[in-house]
Structures are given as C-alpha cells and as structure tokens.
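Each of the two complexes below includes subunit A, the first together with subunit B, the second together with subunit C.
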Partner chain A sequence: MKFDNKTYMLLETDSFARKALIAGTAGVLLSVIGAFMDHSTFYQAYLTAFTFFTTISLGGLFFVLVHHVTGAHWGIVMRRVAENLACTLPLMGFFMIPLFFGMHDLFHWSHADVVAQDPILQGKAGYLNVTFFVIRNVVYFVIWGWLVHSLRKLSIAQDNGDTEALGKMRRIAAGGTPLYAITVTMFAFDWLMSLDPHWYSTIFGVYVFSGGFLGGLALLSILSIVLRNNGAGDIVTAEHTHDLGKFLFAFTAWWGYIGGAQYFLIWYGNIPEETIYFLRRWEYGWQEVSLFLIALHFIIPFIVLAFRAAKRVPVIIVSISALFLFMHYVDHFWMINPTFNDHHFQVSWMHLTTLLGIGGIYLGFLFKKMGGASIIAMNDPKLQKSIDHTVA
Partner chain B sequence: MSILKKHPERDPGTAEAVGGEELLVTGGHTFKTLTDKVSGIVEQKPPAQWWLIFVMAVSGMLLLVGVIGWLAWEGTGIWGLNNPVGWGWAIVNFVFWVGIGHAGTLISAILFLLRQQWRTAINRFAEAMTIFAVITALVFPGIHVGRIWLAYYMFPIPNQMLIWPNFRSPLLWDIFAVGTYFTVSTLFWYVGLIPDLATLRDRATNVRKKVLGFFALGWRGGNRQWQHYEKAYLMLAGLATPLVLSVHSVVATDFATSLVPGWHTTIFPPYFVAGAVFSGFGMVMTLALIARKIYGLEDIITVNHLEKMNKIILVTGSMVGYAYMTEFFIAWYSQNEFEVFAFVNRAFGPYAWAYWIMFLCNVITPQIFWFKKLRRSIPVMFVASIFVNIGMWFERFVITVTSLSRDYLPSSWDYFSPSIWDILTFVGSFGLFFTFFLLFLRFLPMVALSEVKGVLPEADPHFYHQKEGDTK
Partner chain C sequence: MNQTLGILARFANPAELIEAAKKVRDAGYEKFDCHSPFPIHGMDDAMGLKRSPLGYIVGGLTVTGATFGMAFQYWIAAVEYPLVIAGKPFFSWQAFFIVTFALFVLFGAFGALFGMLGLNRLPRLHHPLFYSDQFARVTDDAFFVSIERDDAKFDESKTQEFLASIGGADIELVVGE
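After this line comes the complex of A and B, so read on.
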C-alpha cells in the first residue's frame, strides 16, 4: 500500500484485499463443512463472529455520527477511514441471512413446543417470534445501510467540491443518532440477550454498544498507524493516534463502568432469575473467562493507556488495539457461548474458521473501499485544522 | 486543498470572525475591558434586583431553618409519610439537588478535557452552583430521620458501643461519594479562582486587598506559576471526571439495590447520570439567563454559548427518554408481573399526573431544540429550562413514591400526599441555595476571567508578531 500525496488515494490496496478475500473464502468453505458436521456449534460460532464484526462497524458509524454532530475537528483526517469501516454494514447485513436458517439452533424461544410449555415465553411471543425478529432485523440493516450510504455519498460529493454536503451530513447524522441508539439497543436485545429468553437487563444495549465502539476505535487506531506507515504521515500524525488513544482510555473505562453496573446491581439484588446469567459464567471453567475479560478488556489496558507514551508510540497503541479487538471477541464469546455450554467450557475450531471467513471477507471489503476513493476527506473545511492539530 | 491562514490579523476591539469561526466573546472586548466588566460587578454596589432576590432568598433560608426546628421538635410525623411510603420528599429533594450539581462538574472537567473552549464563559458560576447544590442536598440526609442531633451517625465513627453504619448500605456510600464530590469540586473551583482573585486583589485597596491577597495565595502570574497551575488544573479535571459518573451512580444504587419493582433495574446508574447532567444544565441555563440579563454579560455569555448548552439539554433529555422507554419495554419483556405492574401503575395509576408531567418536561420539551430558531430564542430556552427543572424533580418523585405506595401487598397500599411542611422544606431549600449563590455573585468573579482571556485571539502567542508583519 502507498498513500498518494496528490490525489489522497491509498494505492495498491488490492493485493492485501485479495489475500484477505482468499483467506476469507477458505474460512467460509471450512465453516460450511463444519456446518454439515455440527450445525448447532457452527451457528454459535458464526453468531459470535457476526455480532463481533457488526458491532465494530457500528462503532465506526458512531465515530462518524459523533464527528458530524459535534463538529469536532481533530479527527477529520480519520473521518473517511471511519466511513469505510461503517460501509461494511451492508456486507454484515448479507452475512446475517444464514443466521435466519439457524434460528432453531440458537433461540430457545423459536420452538413452538417450548413456548407452549412456558407461560413466560408465551407472554413474550408478541416480540420474540421468528417473523417479527426477521422483519425488524432487516429494518435495522436498512436503516444503517441508508445512513452509511447517504453519508458516504455526500462525503464523496464534498471531495468533488460540493460545499453544501457538510451541512447535509450534519443533519443526517443528527437525525441518525437517535435511530442509531434505538436500533443498536434492539439489535443487542435480539441477537445477544434473547439467547437466554428468560433473562433481561435494561443496560444490555448500552453494554453491547460500549464494547462495539471500543472495538471500532481500536480498529481505527490500527488503521491510523497503517496510514502513517504508508506515506500519509504528514496528514495523520502521532497527535491523532494520541487522541484516538485517549478515546480508547475513556471507553475502556466506560465499558468497565457499564459492565460493572450490570454485574453489581444483579449481584446485590440476588434474584435467581437475574443472577443465573452470571452464575452460568462463573462455573465449569467459565469463571476464568470472566476474570480474563475483566483483566484484559478493562484493568490492564486502562493502566497502560494512562501513560502518555502508550498513546503515542505506534507499537504500543497497535498492541493495545489488537488486544482490545481480541478481547472484544472474547466479550461476545462470553455473552454467547455459556448459554449453550453451561456445563463445560468449550471452543470449537469453527470459532476460528468463522472468524477467518467473515473476517477475511470483511477486511478484503474494507480495504477495497479504502482504496476506492481518497482516504482523506480532502475538501472538509476543517481538514487543515485537523492536520495542524496538536495535543497539548 | 484550502490552506487556512494560521494566524489571521485582527485588531483588538473588532468582532469579525477568525479563521471562519465565530468569536467566543463578542462586543469587541479586550483583556482590559473584560477585567473591568467582570471585576466591576463585585467592586460596585449590587443592583437593586440583587437586593430584591437576596431578601427573598434569605427569607427562604430562614424558613428552612424554622421548618427544620419544628421537625426536630415534633419529628418526621409532620411530613406526609405513611406506612408504605416511608421515603418521601427528603430523598426526592436530596437526589434533585445532587443532580443539579452535575452540570457544573461536566462543564468544568469533562468539557475541559474535550477542549470545548466555550465552557470558559459559564464554568465558574456553574461550578459555584455545583458546590451550593451539594450543600443544599446534604441538608436532607442530615434531617431525614428527624433527629438532627444524631446526624453524626451517618459517619463511621469508632465508638464504645460498637455501633456502625452498615457498610453494605448504599446510604453510607452516598456519604462517601457526595463527600468526595464536594471536596474535589470545591478544590477545583478554588484553584480556578486563584488567578482571578489576584486580579481583584491588584485592583483593590486596604482591607479588601489584604483579604483577597490572602486567598490569592501570593499569585503573581509568573511563567512558572502558570505552568504549575495548568498542571494542577488538568489533574483536578482528570480527578473530577470520574466523579461526574460515580456520584450519581451511587445515588442510583440507593434505589437500584433494593428489590422494589421499578427501582431494581440495571440501567439506573447511567440513566441517573444522564438525568443529573440534564437537570443541572436546566438550572445553569435558568441562572445564566437571569445573571446575564441583570449584569449585562451578553457579550461574554453569548447566544452561541446558550445554543450549545441547549444542544446538551437535547442530548441528555433524549438519553433520559431512552432510559424511560427501555425500562418500560424491559418491564413488559421480563413478564414479571410486579415489574409490569410497577410501570403500568406509574403511567396510568393514581400518580399518572406526575408521570406525564415528568415525561412531557423531560422528554418532549427538549425536543424543541432540534430547531435552530428555538435553540437561539432566549424566552423559549428560559421557559424550557424551567420545565426541565420541574420535570427532573418530578422524575425523582415518580421513582420514589409510585414504587413505594403500591408494593407487593395490595393490603398495605396507600396514597402519599405531602404535608405543608414537606412543601415548606423544599421551598426553603431554594432559599438556602440562592443565598449562597447570590453571595457568590456579589463577592467573587462570576466569569472565569483568566480563562475567557485565554480564548481571545490576543491570547495567541503569535498574535502581536502577526500584527507587525512577522510571517512566523
């Protein structure tokens, strides 16, 4: 890859994209074989990879929305990259389709005979039924796709000299933010909370959002270093990485706060119908995963990121970001897997192949997008301010 | 690519935009005119309106003292508490006042870390508001059992009878959380005041100079002093930031750790924080609009500032709305009959009037700020800010009273009505708050002078070089 100083394009992304796509295809093929061998394990693993990548893309979308709504200037140099990240959402919508065929493997409430025996699930049937589930999930992706598409179109129009575009993007982002909040919450309730249909927690949507935004920020931080190492170092500087690092610091604390609030209130209340969620994650080897999650998703990165150097030295910020991405996967694994394997800790090889499959195609698609238009929003009126930005 | 001029020329005393951005201070102010304007407020005799409001505030404070005296004499029976509703206006008022404080800390700490320079115009009096709101709030835990002479029981003090407060009780955590909050807020506020106190000192004579000089801690404005000062300020901002979240999260646990339907729900901590910032901004807005008018500060607290505050009111009000809707949805989704009942009862039971006042004020009112015209209209935002204050008081009332008045046992249900003493205590608490606040306006600079000067174009180190044609 090479950044072109004249056109602001990231050239030669194709070779990386091709490699990623080949790896992804291999992952998909292996996963398909797995699906024939053991479809319920396949769907569990596939769901983990699906929600992992979808929430990262949603994190990228949130970055764009917030930048437009607040009019912040520091991150303008990263805006197009975040837009590209959000542009993977339609792809994730495509990856959602196979899950509709695995509803019975994943969702207890989708079995009519189970519901017939269970008055609580009967009460929820107005919301937890397959038809409505499919319809509303398609609606979320249509809303996100529309947001992503219109923001991207206007952003490219801005490159070509459309001075009205910025105002339009701001308006779309402002209106899109409440829509985003509602759809992300419901997405979390649907795919992750309803896995255990008796369990409920009002903060759950915020929890999933906070992990996703952190994941999106981590990927953006890595991509900022990729740009710097490939010739864009005059535009994307250590100052921008530093600020991204500050956001990582703030949002790992935010994730810890939200996760802590959820755990703490359920622990203190000690009602069996609520504590079951954490009890499942505290037995049969799952307690190590829970502790691992607290230590490496929050405590250790929080301490490391408190230091200035950690936010400015590329190798540290890349390592921490990679750790966040890994822990984001563990977080989703932790939310999904104990529901099905409450008597033994289990990782399947299909977790790897689905991650490789969706991930390879995701990255291939992302890098194709990154090479498809200038990688810097070059006509943004605040761009120069963003380039000159220094962290005091 | 457009290359903006880095340091465009600007005459001090003109109001044109710099680099395409609006100036934070209008009216062509220079360092000197700003100093004169802000210091003048405390150096001259206060305007007649100040005296009028001050007399009212002191009367309110005396009323509070009197009511507390009656409470101490007669006991909590003077309040409207009844058997299921053992927690009434005392906790409502406590949460209301603590919440008000949060806007000050958000403005002074979080907006500072987010480099929002517009905060300089409002941060001083918002921080002052925080401190006085916390003081007012702390009255209520002190009096809420009626035996004010036992207020020290709130603290874990070693004693020969080995009686300790329950460390597992959120009420004790409140003491620590709010105590920490008060300490850090006061320190932060005072540190911020030091350069301005020195400015006042340098303009004063005689005793006044001595007193101000004592509190200015020998500030000379030297380079090294500024370096230390800014480091300290940054660290205090960093310390105060988690407090914005922690204090009201702990207050939320007062309710959420109990197994009362409508209280025990996991979203309470962030939801309370959003509500606190929302209510605080409502109060900052009300106070700012009045103070700006009386003292003629329209150039410093401009409509642009107010518009930005209204945007925060819109965002936090919508967050509160999100929490209301999530609670309602999950109550249904849980299919737990007590949860469902608690929320249906809130919206359609005997307290439906309170619920809908809350909903209209907190969720619907801020939505008018989607429109730029309304965001910038002073009368509109004044009325809206009052609505926010009302709505957020009702939110705490709805949470506290509706859940208690109808709990698990229908045989013990009862309707809560406040007595006159409940109402007078609440009215009196405003007197206490405003007495402090008006004294602050009278004796201390209500605008952070040194910080506002720092965001003027003249504060740019290259400003004067640029003027002399130096092309640095």
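After this line comes the complex of A and C, so read on.
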C-alpha cells in the first residue's frame, strides 16, 4: 500500500484485499462443511462472527455521525476511513441472510409448539415472531444502508467541489443519530437478547453499542497507524492517534460502566428471571471467561491507556487495539455461547472458520473500498485545521 | 525598601512571543514566564516546560479514594457492625461498588482542582508583576516575557540588552518592595 500525496488515494490496496478475500473464501467453504456436520454449532459460531463484525461497522458509522453532528475538526482526517468502515454494513446485511435459515437452531421462541406451552412467550409473541423479526431486521439494514450510502455519496461529492454537501451531511447525521440509537438497540435485543427470551435487560442495547463502538475505534486506530506507515504521515499524525487513544480510554471505561450497571442492578434486585443470565456465566468454566473479559476488556487496558505514552507510541496503541478487537469477539462469544452450552464451556473449530470467513471477506471489501476513493476527505473546510491539530 | 524584582519585555504578537520564548529558553534562563491574553498552542514546548505532574497526583488520589471507599465499607459492614441486609453476605462488594466509584471520582476531582491550584501556587493576592503599569494590558492586547531576579543568569543590564536583542519593546525594570 502506498499513499499518493497528490490525489490523496491509497494505492495498491488490491493485493492485500485479494489475500483477505482468498482467506475469507477458504473460511466460508470450511464453515459450509461444518454447517453440514453440525448445523446448530455452526449457527452459534456464525452468529458470533456476524454480530462481532456488524457492531464494528456500526461503530464506524457512529464515528461519522458524531463528527457531523458535533462539527468536531480533529477527526476529519480519519472521517473517510470511518466511512469506509461503515460501508461494510450492506455486506453484513448480505451475511445476515443465512441466519434467517438458522432461526430454529438459535431462537427457541421461533418454535410454535414451544410457544404454545409457554405463557411468557405467548405474551411476547406480538414482537417475537419470525415474520416480524425478519421484516424489522431487513428494515434496520435498509436504514443503515441508506445512511451509509447518502453520507458516502455526499462526502465524495464534497471531494469534487460540492460546497453544499457539508450542510446536507450534517442534516442527515442529525436525523440519523436517533434512528441509529433505536435500530442498534433493537438489533441487540433481537439477535443477542432474544436468545434467552425469558430474560431481559433494558440497558442491553447500550452495552452492545458500547462494545461495538470500542471495536470500531480499535480498528480505526490500527488503520490510522497503517496510513501513517504508508506515506500519509504528514496528514494523519501522532496527534490523531493520541485522540483516538483517548476515545479508546473513554469507551473502555464506558463499556465497563454499562456492563457494571447491568450487573449491579440485577445483583441488587436478585430476581431469578434476571439473575439467570449471570448465573449461567458464573458456572461450569464460564466464570473464567467472565473474569477474563472484565480484566482484559476493561481493567488492564484502562490502566495502560491512562498513560500518555500508551496513546502516542504506535506499537502500544496497535497492541491495545488488537487486544480490544479480540476481547470484543470474546464479549460476543460470552453473550451468545453460554445460552446454548450452560453446562460446559465449549469452543468449536467453527468459531475460527466463521471468523475467518466473514472476517476475510469483510477486510477484503474494506480495503477495496479504501482504495476506491481518496482516503482523506480532501475538500472538507475543516481539513487543514484537523491536520494542524495538536493535543494540548 | 524598593528593589528590582525582575524585567518585563513586550512582544507584538503570539508568533513573536513563541520565538522569544524559545530564545530565552536557549539562552539558559530558567525562572522566566510568558504572559498572553489567551492560551497559545506550542508554548509549553517553546518554553521548555516539563509535563505537569498533575496526572500522577490525580491517579494516585483516585486509587486512594477507591481503596478507602471499599475498605471503609468493609470495616463497617463486615467487622465493626455486621448486619444481614436482604440476605446478602456481610462483605457485598457489589453493593459497595457505587460508593467506591463515587469516592474514586471525588478524590480524583479534588486532586485535579487542588493539585492544579497548588502547582500554580494559587490563590495569591499579589504578584511582583503588578507593580508594572503596562502589565495591565496582558488581559487585553499585549504579550509579555518576564525574567525573575532570582534566576541564576539574571543581570540587570545584560538581561535588558538580551531582551532588546530578541525583539522586546517597552523593556521595564519591575521595581517594588
């Protein structure tokens, strides 16, 4: 990869994209074999990889939205990268389709005979039924796709000299942010919370969002270093990495705060229908996963990121970001898997192949997108201010 | 008894002030300061200031606050006056976490506020520079460099010449008690 100073294009992304796509295809093929061997394990693993990548893309979309809404200048140099990240959402919509065929393996509320014997599920049937589930999930992706598509189109138009584009993007972002909040919350309720349809937590959507935004920021931090190492060092500087690092610091604290809030309230109330969620994650080997999650998704990165050097030294920020991405996967694994394997801790080889499959195609698509247009929003009026940005 | 407390020189704009700060720093002065109506990016580097220890003060106090919060509640609820509340264990760290977190934040906030005041030697009612009449303009449109008498390199005539040579105007000996 090489950054071109005149056109602001990232050149030669194809070779990496091709490698990622080949790896992804291999992963998909292996996963398909797995699906024929054991379809319920396959769907559990596939759902983990699906929500993992979708929430990361949603994190990228939120970064774009929040920059437009607040008019912040520091991150303009990273805006196009975040747009590219959000542009993978339509791809994730495509990856959602196989899950609709696995609903009977994942959601026991989708079985009519189970619902017929369960008064609680009968009460929820107005929301938790297959038709409505499919319709609303398609609607989320249509909304996200529309947001991504229109923001991207205007952003490119701005590159080509459209001075009206900035105001239009701000208006779309202002209207899009509440839509985003509602759809992300419902997405989390649908795919993750309804795995155990008796259990509920109103903060759950925020929890999933906080993890996803952290994952998106981690990927953005890594990509900021990638840009700096490939010739864009005059535009994307240590100052921008530093500010992304501050965001990582803030949002790992926030993830811990929201996760803690969820846990403490349920602990206080001590109502069996609520405590079952944490009880399942505190037995049969899942206890270690829970502690591992708290330590490495929150406590250790929080302490490390408190130091200034950690946010400015590339090797530390890349290591921490990679750790966050790994822990983001563990977080989703922890949300999904104990529901099905509540009496034994279990990882299947299909977790690896589905991650490789979706991940390879995801990264291939992302890097093709990154090479497809200028990687810096070069005609943004705040760009120079963003380049000159220094952390006080 | 009136005596010289320091020397004050005025500069035309923020860019000149930054340049002046660099030259004063490179000339080896240590007890000097720059004054401006607004913060100037890059001034810390130009003056050669070290990073403030405030972060470590705040960090230390947050850990102290959290430890104190948890330990104090443990002592009350599990050692000094154990009561069974809602059938929960005596040492219910989950229930104590809110207060622990609040003290973590409170100690940190106090550390930041009072640490900042302490490091800046504030509040103080008077400063030698207030003897200078032109110094009032620092809150309006003027940019100053001041060098204190206590500086090892301070010499009334040589320091005045030096400040003039780097472009300072209205050079003034600050005289007061």
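The rule we apply is simple: the second predicted complex is superposed on the first by the 392 of 392 C-alpha atoms of A that agree within 3 Å, B and C clash if a C-alpha of one lies under 4 Å from a C-alpha of the other, contacts with A are read in each partner's own complex, and residues count from 1 in each chain.
What we mean here is this: contacts are C-beta pairs under 8 Å (C-beta built on N, C-alpha and C of every residue); 3 or more make two chains touch, one makes a residue touch a chain.
Here the structure is a predicted model, which is why all the values come from computation and not from measurement.
*Asks:* Check subunit A with both subunit B and subunit C modelled on it and let me know: fit or clash.
*Replies:* Clash.
*Asks:* By the touch definition at the top of the document, which applies to A:Y268: first (subunit B), second (subunit C), both, or neither?
*Replies:* In the superposition, A:Y268 touches subunit B and subunit C alike.
*Asks:* Which partner does A:T390 contact after superposing on A: first (subunit B), second (subunit C), both, neither?
*Replies:* Once the two structures are laid over each other on A, A:T390 reaches subunit C alone.
*Asks:* Looking at subunit A, does subunit B or subunit C touch a larger number of its residues?
*Replies:* Of subunit B and subunit C, more residues of subunit A lie in contact with B.
*Asks:* Should A:N129 be classified as contacting the first partner (subunit B), the second (subunit C), both, or neither?
*Replies:* Neither partner.
*Asks:* In the overlaid three-chain picture, which partner chain does A:S319 touch, first (subunit B) or second (subunit C), both, or neither?
*Replies:* neither
*Asks:* What residues on subunit A does subunit C touch that subunit B touches too?
*Replies:* Residues 264, 268 of subunit A touch both subunit B and subunit C.
*Asks:* Could you pull out which subunit C residues touch subunit A in their complex?
*Replies:* 39, 41-42, 51, 55, 59, 86, 94-95, 97-98
*Asks:* Which stretch or stretches of subunit A touch subunit B in the complex?
*Replies:* 119-120, 123-124, 127, 174, 178, 181-182, 185, 189, 200-206, 253, 257-258, 261-262, 264-266, 268-269, 271, 273, 378-379, 381, 383-385, 388
*Asks:* What part of subunit B is in contact with subunit A in the complex they form?
*Replies:* Spelled out, the residues of subunit B in touch with subunit A are 1-4, 6, 19-20, 242, 245, 249, 253, 256-257, 259, 264-270, 318, 322-323, 326-327, 330, 333-336, 370.
*Asks:* For a test of understanding, state which residues of subunit A touch subunit C in their complex under the given definition.
*Replies:* 260, 263-264, 267-268, 270, 306, 308, 390, 392
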